[in-house]
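Below, subunit A partners subunit B and then partners subunit C, in two separate complexes.
Then we have the complex of A and B:
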């Protein structure tokens, strides 16, 4: 645990061996208070923090920790309602004292910012080239066409292919990763001393995230810019940060070199935060295998081969799955079975295949993970299982019948056996319905319980998701994200379903909250033994819960097998890429992963 | 884009056809039918039967509708028996005048309302914002005819700057030749629109000021003025343009009052008089024109929106 720092740039001020240059950004006794209807809320309390030239400092914390407020202050971008004491010095000047024109001159020139959501952070009605050029015309005497030419150069520098063409496009015509690169190009345009990046990769897929982090690393190396990186993702911290500052409810609880903080955290909160991060098992393959389906792969995938019959592969990567539609073995009927499912969207001429010949089977009581990046088709599979999408080809069997053809009584009966939990708990609970009514709704719809019984059942369900029974009379907006998601879970389980479809149930939650929701889910599975299709982009989350996973890419299942095996010895090239792209909070292992990712990336680029 | 346009135009045609059905049904729903409308309350059943046979009104209703459609396409909207003129001739003479009046007041209204709304949003909850808001609410909740009366009292009688009556005359040239006479009708028509659209613009601007891209623009070192003019204004116009498309019937409602008040020889005045004499062919002719104008208005709004917003364009492609 004491070496492995070979590729760190020299001069990062971890130890006071060399005389360090003065910090570019210096917070001193910095406090921010907001007045709300419920009294004053202190967002940041007496913060002292330094950012040195050329270093990457990660500012870590969960929602409400004050990390974003702290980062916005560096550009003087705090909302007018913020009351500030203390100072934020940029190159020796207190940003908090600057006004109007002085502040404008600073922003984008000395310090610039990359925001979390690249779609909304760009002006939708302005071509991206012009948005980049605007920074230049704001701060230099560059003529319009010269600025436009420089914008194209900048797009090239952030590795956007065909920069000249892209410059003439609007944000919605770019992918999420490209938009974030546009933001970075903008941040870079005037060669600032500091780039503040607020969760710059949170909205991106892991493989895209790896690329953006690599770009930031390059920029730091080539331009010597200091980066204040706000993030909640410990893997990202391990990947890129030299030093870490941990915030908790407005307080800075710990600072130190990334390795020390991540591997040997001093503060209780840092320890619990790290403990809550779901961790991927160590990859056993460090180089990408030549091809996905080696002979050994086949043997390995068929773990459940003890059932003997060759036609009964539970794993459906191959074409032979179509054969088991008749369910030849004596095993119980699967809860959900998809055979050769194809889903196409769009009108003639502009057909888009979202799901391409996917076969998948979930037995009663089995937890199956479905993993993929955005656009992989994983959510469409979930919607097929719910009967919300009718496949263009292939068959879907839910408890032995086709969910898309369910009508009237059959549909009701089938839905009773099915629970659903979706990503955003705030959006999937009716804001005008009390928690108790929301949980009781399935019982009302299916007329399973009388009024009295319903109240008792709601109390019981709340108790099983570790919420007090009094929660029943509250409304969703009064609850935290984690509490809301537990309410969703309670509602999904109200009718004792045999199968739960969970589409990214924890990705909107903080890690510690995610950990508690996952723990509740695991505990309930133990108790009620329902099956589950767990859809997620997060490999580590899937690892802790499921027996089996299927990895989707471009509408196809590229790999399918026992969870441990897939995560430690991936056979498909894509799974390998996905695994190496997912950062882990251990800086030593992350270093290895990054090298493996770079190697794989170069191979695929070549 | 062209495909989108074609689709939207086809939709518009369908809507207009539905309107013709409604108008046709209304024509026939007149008490006693069109015959009674033409011949008057004293007509005998024999006279009515003769009239119906002569006009083809004894044929099955769908045949009649077919004939009605055919007449529409050849520009025949029927005859006004009270004015003893073809409805189409009446409309052709009056419509341009109403268009001049509504376009002038709408343009005037937008030129004032848009900057006003932006300024209010930029300095929200300041004295200027409060004053403008209060004024807008007062104007918006005051009936148009009362506003017009006030203007006449102030600027035609109190300080006699403008005539209290709109320019008269048959041709459009007669009317445009006397611009001073147009001032009060145009201003009266514009006031309520200013009030409404400054509110829309204010709230659209406020919504946009809270958007992430505005924060990005500030983080780039863009000055507040440029943030407003370069980034926010165009984005805020998108919803306002849609509103404008739906505003056509409201503007007509306004011109109805303004025209009858200032004796302006437009379509609204025609409608007003026709309503008083139960001149149904004229009333329904005007209704048809307004319906078409409304459909065309929202079509234009959609096109304008596609021009302003590239996202609409690419979805529409």
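Then we have the complex of A and C:
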């Protein structure tokens, strides 16, 4: 066990005086090839990479870059169909040559793994304490009760409150962040030299992510374990990594200290990758003012004053936004208006309030962001606006009609003015319908175009989202995620909608793809000036597009105001927490943010 | 120190649109048994429907003078049966009945089952509960029993057999489709359609049903095989189509009487064909499943 306490990893230029310890993990001319129906695919090409004791190395790249394959190789976990050349040495032994018992012993003792999705990585039928103890009894000669005691100790080490009680619980009784902590405890159980973490925080909300990253930082400091962290999130890299290795389609294009790579990237691809990351405006780091203070700040800090409609901000608690306010045909009629909306799920006795008295108004041409973490009720609001969920109380008015009533001329007419994009690129298009038919569907439903006109319109729409017109005859499974979401956008715009409702349209996409989809959306909004309700968990994504932001937490809108003001001078304590938790790809600024987060975290924990 | 390798990078580009077509078919043909099944079924159709044009025999008038002839005698390659029909010619005529009833009943069952299941699964709630209890009740009645009762009341004919078989075998497909519809209706593309004002009818017809095609195609082949087998059962019990019409099951039934006197040619060819056609349809179903399931992974 190498117990290294170096604060800075080896290989940093200003640390040349310390003798460089040998790397724990060493890739040498490592290549992986898979045979597929379309011929051989080289997932990793001639990779040379070292991981030194006690450092955090971030392996960065977009989907298909080979980063996961590279990380799995460290545990000898490559699928049988992989053909490998070169070597992966762990403590001097080539992992690729180990078999059976040797490999089993290596995993856990010397190297362990933290997966992306803790719910599927844990056994749902087994108490978490036992799952950790099982690792111990498998790898050491610890007796059962000693292992159980050690499991509780490990749960304490990963900062799970009341570890003894938690050890007796099942995975579903823990929160997502706690489950990931349990995974980390399992990975730590046998004191490995290397932990491979494959997107360990991707499935988590930002505020939870910040906590898990903080934990990993502590573990590195206290146990001297080296962490190979696979991620696509440049903010996470800036937050935790000592060194960065950037991969692109199987090639390692750049390695270096995190600061150098992030602030002064040498390779063109790294630059474009960093350029695609949506960046939050610099937060004015002050102690958060208590909720509801400084109500006057709205008017004078408004930055995006270019669209006239966006100027007027309505704080979500306005009670005078009456139920009948939007019915008229006056010019000021809002596109969408929610008044005191409450949504409850579940049967009597175990009712759950997903949305609690939310009021929100979107005027014509106004781009509004609705931001919140999972479970905040933001998607439920979106579904209310679409009429897919009927509110338990309050009113929803879409162009003056109630969207929950599907019948009737007015509801139909209101829907004709609506465009929709939903989250999952895999499910947003019917796999059995050609792209052209999917885009034409709104025109068929509302009988607005004849057959020949439809084809022309489809071609025109495809062009406006920068896809070739020939895409119309393709099927969704032939398209990439980004292309599919652009098709969804084209479909949403088919009838020149006045309001677009977009529920996390880019959250499943790579950053560069996300950037291109968002650019198309912004461009089209400029051209057609439709209003938009943009639902997202990512503040930075919302920043570049919207005039106003509403921040949701626990079913309520906790803050509501012009985008720039909310992001730079948040008033609600929760918004502040959300903003400081979101990592930015600038290591210097991220350091400040982390301090602010820690400060806020300590005060809220106290 | 920053190390860097020079790799040409088209920035922000997305992977090119993937090629397609032919792959699914290649996956089907990758299953040897499925291809063999397809060939055998095709040959059996040729045999039953084109065969009689080439090899003409009298399958209407009995000829007791040349009854129970051994194979090979007097221009009867497979001999004759107890009333003097040429066995080879009779296999062709019987094959027509078996294949027509099997295919038609399979298609009927699939169509009814898909429609029923799609509506029940999509609508859900009380409607679903009622519709599925009907299915449960139907499954509780043995199909063979129903067929025998129907045959006892009406004169068994080909259309009657198709209707009765279709009406008893749509139940299982209905359950399959319902399960799929329940998951499909929560997909984003169905929600999107509803949000922009599309009708329930359109959701079912354009989105739910087409997406169950994979499951249903596979199931339909098994339905055909089952229907052929069921016709054979009923006919074997003497309640199938009546003379001079026949099918493979009826031939088997009559042949059994003479099996002890060594008339093997009355049962072996008919039995062999039943096994062959049922096995082939099952193999085709397996091949289709390979084809659709891998495609499913690509979605």
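The rule is simple: the second predicted complex is superposed on the first by the 548 of 606 C-alpha atoms of A that agree within 3 Å, B and C clash if a C-alpha of one lies under 4 Å from a C-alpha of the other, contacts with A are read in each partner's own complex, and residues count from 1 in each chain.
In this text, a residue touches a chain if its C-beta (ideal position, glycine included) is under 8 Å from a C-beta of that chain, and two chains touch if they have at least 3 such contacts.
Every value quoted in this text rests on a predicted model; they were computed, and no experiment measured them.
Of the two partner chains placed by the overlay, only subunit B lies in contact with A:77; subunit C stays clear of it. By the touch criterion defined above, A:527 lies against neither subunit B nor subunit C after alignment on the C-alpha atoms of chain A. When both complexes are overlaid on chain A, the residue A:252 reaches subunit C alone and has no touch with subunit B.
After overlaying the two complexes on the shared chain, residue contacts for A:411 are found with subunit C alone; subunit B is out of touch. When subunit A is checked against subunit B and against subunit C, the one touching more of its residues turns out to be C.
Looking at the shared chain after the overlay, A:186 reaches subunit B, while subunit C stays out of its contact range. Using the contact criterion defined above for the overlaid structures, shared-chain residue A:221 touches neither subunit B nor subunit C, since it reaches no partner. In the superposition on chain A, A:107 makes contact with subunit B only, while subunit C stays out of contact range. In the superposition on chain A, A:430 makes contact with subunit C only, while subunit B stays out of contact range.
Considering their complex, residues 75, 77, 101, 104-109, 112-113, 115, 117, 120-126, 134-135, 138-139, 170, 172-173, 183, 186 of subunit A touch subunit B.
Put simply, subunit C touches subunit A in their complex at residues 1-5, 7, 9, 11-12, 14-15, 17-20, 23, 26, 187-189, 191-199, 202, 206-207, 210-211, 213, 295, 298-299. Across the interface of their complex, subunit A is touched by residues 211-213, 215-223, 230-231, 234-235, 238, 308-311, 314 of subunit B. The touching residues of subunit A, counted against subunit C in their complex, run 11, 13, 37-38, 64, 248-249, 251-257, 260-261, 266-269, 272, 276, 386-388, 406, 411-412, 415-416, 418-424, 426-433, 438, 441-442, 445-446, 471, 474-480, 482-483, 488, 491, 495, 501, 512-513, 515-516.
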